[in-house]
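For clarity, chains are labelled A, B, C, D and E in written order, and residue numbers in each chain start from 1.
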């Protein structure tokens, strides 16, 4: 074992040695520098290994051969080992990354660099408060020097600001130290803890000055303008080190000194952390400069961790785990992002679209962003989860809200940024050139994130059950991304089928899960089959699609709250990437993500309340929520409703589904939306009708569902874009489902299931076929289509059958839903909601006619005369689904009977079967007979017509009383353009985009507020100094003003 | 104006903090601070230095001193790379103002004396007031005087750097020797403590202080040298 | 007696500090700040801290002042 | 569930009766209309003449498969409505295939024919037929609102959706008819019936006097014959549905003929009195008074 | 006497802060810092002062009664470090000031607002 004192000795020796070297010996200098960094990484890593594997006890290192408090001592325990290893790794990687810059600036800068890294190590390890001060000074002076690495004007200003601010801070720290010494006769931290300064008169003030200085080192909002400027102006490699290294060390100082003050100061830590977290992220929303943005984000994350330290009484022994989980994510992601910014060298975040040409870097960028937000499988996911759960267990709802609000504001700008980089045109003035020393550190940080996620999972309650198998498959596909489409497609399908075979036996006796598993995985296979129609490589498609499906299947498999949320987030991430692949889908993908994250946080809050009610992590805890029961269920429902795009939360859907790729639309519409349905069903199952407040909640949700159905369908009526029309239709359909299941009766649920299954089938068909046609014709606009029935008869039949199902026209299965719904509504007594829903159902007819007419009927356009039928690979899955529809229509009892039986466990039985005949206390319906009657009658009539009209002459396209339609400028004259103008005059007011306007105003308000808030960062360094002093005084008056 | 009022208010706030501290402060009549008392009692026997402050600075809190030296080192390094003179910036034939003869000649006499005084101060650091820092500062003032006398004289950068580095490395090596041979890093007792109050006492303490003195002197000279040297940098 | 000296020195120190901040000319300000250090170092002597006094005198009032002057000089050169 | 040949034949006979009665009813009504406006009108047998002519036309043209199938769908709509509706109360012979489903089935089966017609006409490629269809659909959506309210009201009232049982519940005499026991529902339904029959003021869909458009101009020959046949069946079947729901049903053919005639006449009568609405007017109109009546019909049961 | 000097120290701190916060000239601000530092040092040394005791150097007094006759050595040791750090920081700031002046030909603090928001 190499004692950690050698970290100091070796680095200082090297630093002094570097001073001798001639300025031309940069090569030797860099070798020495890297060697030194490798050495200290080795030392700390070795200790880490000892602690983790051999469970060694904490080691105290004495200097000068005397025991503390008489001499300075260092401590090397598990925490210190982890943190020093982190610091040294980022130091080493940062050193490699900065090699060129350091060489250019000279050997001196290398010495400064390694001394900086060393000082952070000592800051972590030291147990002497004055020693801490000295090394804090070293680190800030070294920072002040390293900022100048690029010798830019802005860097000097930032450096000056930094030195002024830290100068004031460190002098206050000195006052605190000397008075602590005066009161407690010790400079040793353990001695100060033992002395219990709070109990000594005046000790509180001494503690205050120490704490306020340490907190100010963490750059709390709003006294942090100087810190942000440093992030902005310095070389990105240095910013990475400051963000990942200095912040880590400073946070540990706060943690280390925390016991000195006892519980009195913790709430202040937490409040300051929360203000910083939220305020800093809020300001980020208006920021366009990537480095400054990262600065805001860094400060925000540090605020979050400070908050965690402050909340440690509630977190108990989990404090360290939670703090570490979030810290390591921040550490790796922020370092990686800063390093990336150094490669891209763009002044604004739009320039990051240069990454589009570098898929692996783009992937890493996504990884970092997702890790920052706290998506699985990254450590921050587990950190936030544990944090929220622990807070909920102690009833700390305000803190939970603050954390989630802050995280959400963070997501606002991070996803805007990610969206830009994925979708914007590649800028011409930015070229990324390959330099191994810049790429390597970024890759390693990315790998670290995944590794730490897997490593930390089992430490969370329930985390051992998380199934990483699907994720592994996703990675395999990512690794094989260079293969052509058909190979990857086959592989994906095979994987999913294999998983299905494996999964279904495990689901026996759980019909609901079987149905949804069938929808998710069966749908996955069918929609993937359509992928064979694509040529080329489709980079990135398969991993992301499979990521979404892994999330979906994880929802099915989840037995614990953790697994459920884990899968939910995976699904969100995967679907985001799928959606954003569309040509014009950037803004829609963005709003999808924001709604999803908002929803996910609502869900998280609800799950936390469930967990808190019985400290039970299993999914069944949803059935026994005693903490804020109504709020919990409301939040969960709202969360799930963001996915089902219910009224008010639906504005993301039309764009997201409408602009997605042709085979992605069915995935996200037919399949993904069902995840929300699954969540709602699960929720209502557990909630039941007995829980307090649930009746009211269900009533409100019922209305929401009904109005969603109406507004979705009305929205579809006035669309000119074929895919958007279908997207609006999805909103409506999901409204029916929500409405049905909120009735909480057997009939209602049966209707819900019927709608779910039907919607899955017909929306998959419609999006597949219409998507295929849209691609083929090269336009979304229906008024540029027409007459396709001649060219694409198979597509026409598929669409026709689908719209018969949507319309609920007997004898096809759509009618089953309508019939059940009628019975359910009358039985439940929700007449008016029912009328709204049925009205919506009739409106559906309008858009269905518009769709099928505009695309398939009417006049064939000149430029489409040579069109052929769409690819067979799209038709095959469509026709498989049509077979499904036919079977369901003719034999509804095969499906509805078992579901009904399952539901009798939860609801009184109200649907009875007599052979093929279903009846309720109100009415009856026989699907099979209806089918027989209609088919027979239809055949007879058709036969009659065939006989009666022997000589039918086919005539030409224009052989009609033709008037007024010009094939060019089609929208002016196409008859089905704005076909429902009259209807719009009558009922158009119902589709006023109230909700869109509302959300726009909300977002404008947030942005305005952020713009107003950031005026405090006037750029004047004196003002920043003023902020620091102001912070001290205000904090003093609030905390100790009464003394 | 509003800002002025705000600042006054803030200073009043800071003053309040100080006032509150003063309220609990009283001048002690006995050395009852445990840590201070321990050093007063035991520094002589444990470290062997007559100057307790030197004992604390070099041994008990030697680690701080190492950091302190590092800070000066950092400052010097940063200043030198910030004010780095690029070849093209130097005016080839610099205009040098003639200095008074008195200054030049007296400096030739005084500078060695100043150096001697400085060395004396840090050699006796463990016995009398003063030590490495003070001695180093004195040496640096000698260097300063040399430069005043002869502005065109270039402080031999290599020499200064060499002294600085070697003394720094020696400091670290002595610290490590303490770790290897005695109780811990920077332990001075790997050399015999010697007779209390004499020159060769207090173990390695004087040795360490010498190197500290050399290093601080070199670093301060370096700082002054860099700043003054750049006086002549061409304006761009 | 010693208290009287302390008071006088304190007042001197404070006046020096005030001059440092409020003098119009930078050179006077720098000299005043050196004066502050000098009087402070005598205060340190009064507080039985000869080591500190020595350091403050040599570093605080000596070297610091000189560095300030060098810097001022350089800035002036720049200004032309 | 009776799939026997006997049942089939009885149903076929019923269909024959209904078709003929439908044609007679329409010619009668047209004559009445003509007399009201001072003309003589068509002879009572005119529909049969027309139909024969249409079915025997030799040259027929088609724009394509859907054009061809459109009339079949349309006729299937009318026939289906008939099939699923019990015509004569308490009679096995005339209950058709109503065991397939209840009132809801009939309500939704109406759409079957409309869809087929819309698609068939659509393939013709004539812009005006599309316009006609779009107007029809638009108007239909709001017609459905009072209708749905009325149906729900009835279902609440009788605790059933089965037509036979609804009729059975009205068998206590004249004053047990729904029209007296639930006047609001009846009112709402009868107003929406106006739209369903598509007479003035709700006949903008066909707009017979203004533009030579729509299915009647696109289709001819057998196709038009199918449509005419369907009209006949549909009018009677729909009137019979209203009769069953609101006017005590019928226990024999005479009663059925009288009641359906009166119900059908009601729509024609209103049409003679009121001028035609524009489409947005009619859409709004159905959401006003009829809907209000429908809401009242439910409110009284709350 | 201890009181007088510690109050002087605190007042120096306040004057220094006043200079930092109110002066527009960068050099003045840096001078404010030196005053600030000096004040802190004075306060620290005062903390270690014990009434009527001498300096902690044992060649004057014998080691045995050191405890009874010396002031607290610890704050003095700390101040030594602090003074040197103060010098380093001041030097650094001056270099920054030189560079900033070089860039903008001005020492007015309001001129260095290139980075904001």
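Criterion: a contact is a pair of C-beta atoms (placed from the backbone, for glycine too) under 8 Å apart; a residue touches a chain by one contact, two chains touch by 3 or more.
This is a predicted model, so every value here is computed, not measured.
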Original post:
Through how few touching steps can chain B be joined to chain E?
Top reply: 1
Original post:
Can you name the chains that touch chain A as well as chain B?
Top reply: E
**OP:** Give the identifier of the chain nearest to the protein's overall CA centre, each chain being represented by its own CA mean.
**Re:** A
Subject >> Busiest interface, counted in C-beta pairs >> reply: A-D
Subject >> Whole-Å separation of chain centres (CA-atom averages), chain C against chain E >> reply: 11
Original post:
Roughly how many whole angstrom separate the Cα centroids of chain A and chain C?
Top reply: 59
Subject >> Centroid spacing, where centroids are CA-atom means, of chain A and chain E in whole angstrom >> reply: 50
Original post:
Between chain B and chain D, what's the gap in Å when you average each chain's C-alpha atoms?
Top reply: 107
Original post:
Mind pulling the chain C residues that touch 2 or more other chains?
Top reply: 50-51, 55, 59, 63, 67, 71, 74, 78
Original post:
Multi-chain contacts in chain A: which residues touch at least two other chains?
Top reply: 130, 134, 137, 141, 144-145, 175, 179, 181-182, 187, 1026, 1029
Original post:
Which parts of chain B, given as residue numbers and ranges, touch two or more other chains?
Top reply: 3, 7, 10, 14, 25, 33, 35-36, 39, 51, 53, 61, 64, 67-68, 71, 74-75, 78, 82, 129, 133, 220, 223, 227
Original post:
Between which chains does touch occur?
Top reply: A-B, A-D, A-E, B-C, B-E, C-E
Subject >> Residues on chain E engaged by chain B in the complex (per definition of touch) >> reply: 1-3, 6-7, 10, 13-14, 17-18, 21-22, 47-53, 55-59, 63, 66-68, 70-74, 76-78, 80-81, 83-85, 87-89, 91-92, 94-96, 98-99
Original post:
Which bits of chain C are touching chain E when the two form their complex?
Top reply: 2-3, 6-7, 10, 13-14, 17-18, 20-21, 26, 29-30, 33, 36-37, 40, 43-44, 46-52, 55-56, 59-60, 63-64, 67-68, 71-72, 74-75, 78-79
Original post:
Which positions of chain A touch chain B when the two form their complex?
Top reply: 3, 5-6, 8-9, 12-13, 15-20, 61-66, 69-72, 105-106, 108-109, 111-112, 115, 119, 122, 128, 130-131, 134-135, 137-138, 141-142, 144-145, 148, 151, 175, 179, 181-183, 185-187, 201-202, 205-206, 208-209, 1026, 1029-1030, 1032-1034, 1036-1037, 1040, 1043
Subject >> chain C residues within the chain B interface of the complex >> reply: 50-51, 53-55, 58-59, 62-63, 66-67, 70-71, 73-74, 77-78, 80
**OP:** Could you pull out which chain A residues touch chain D in their complex?
**Re:** 787, 789-790, 793, 796, 800, 803-804, 807-810, 815, 818-819, 822-823, 825-826, 831-832, 834-835, 838-839, 842-843, 845-846, 849-850, 852-853, 856-859, 915-917, 921-926, 929-930, 932-934, 937-938, 941-942, 945, 948-949, 951-955, 957-965, 975-976, 979-980, 982-983, 985-987
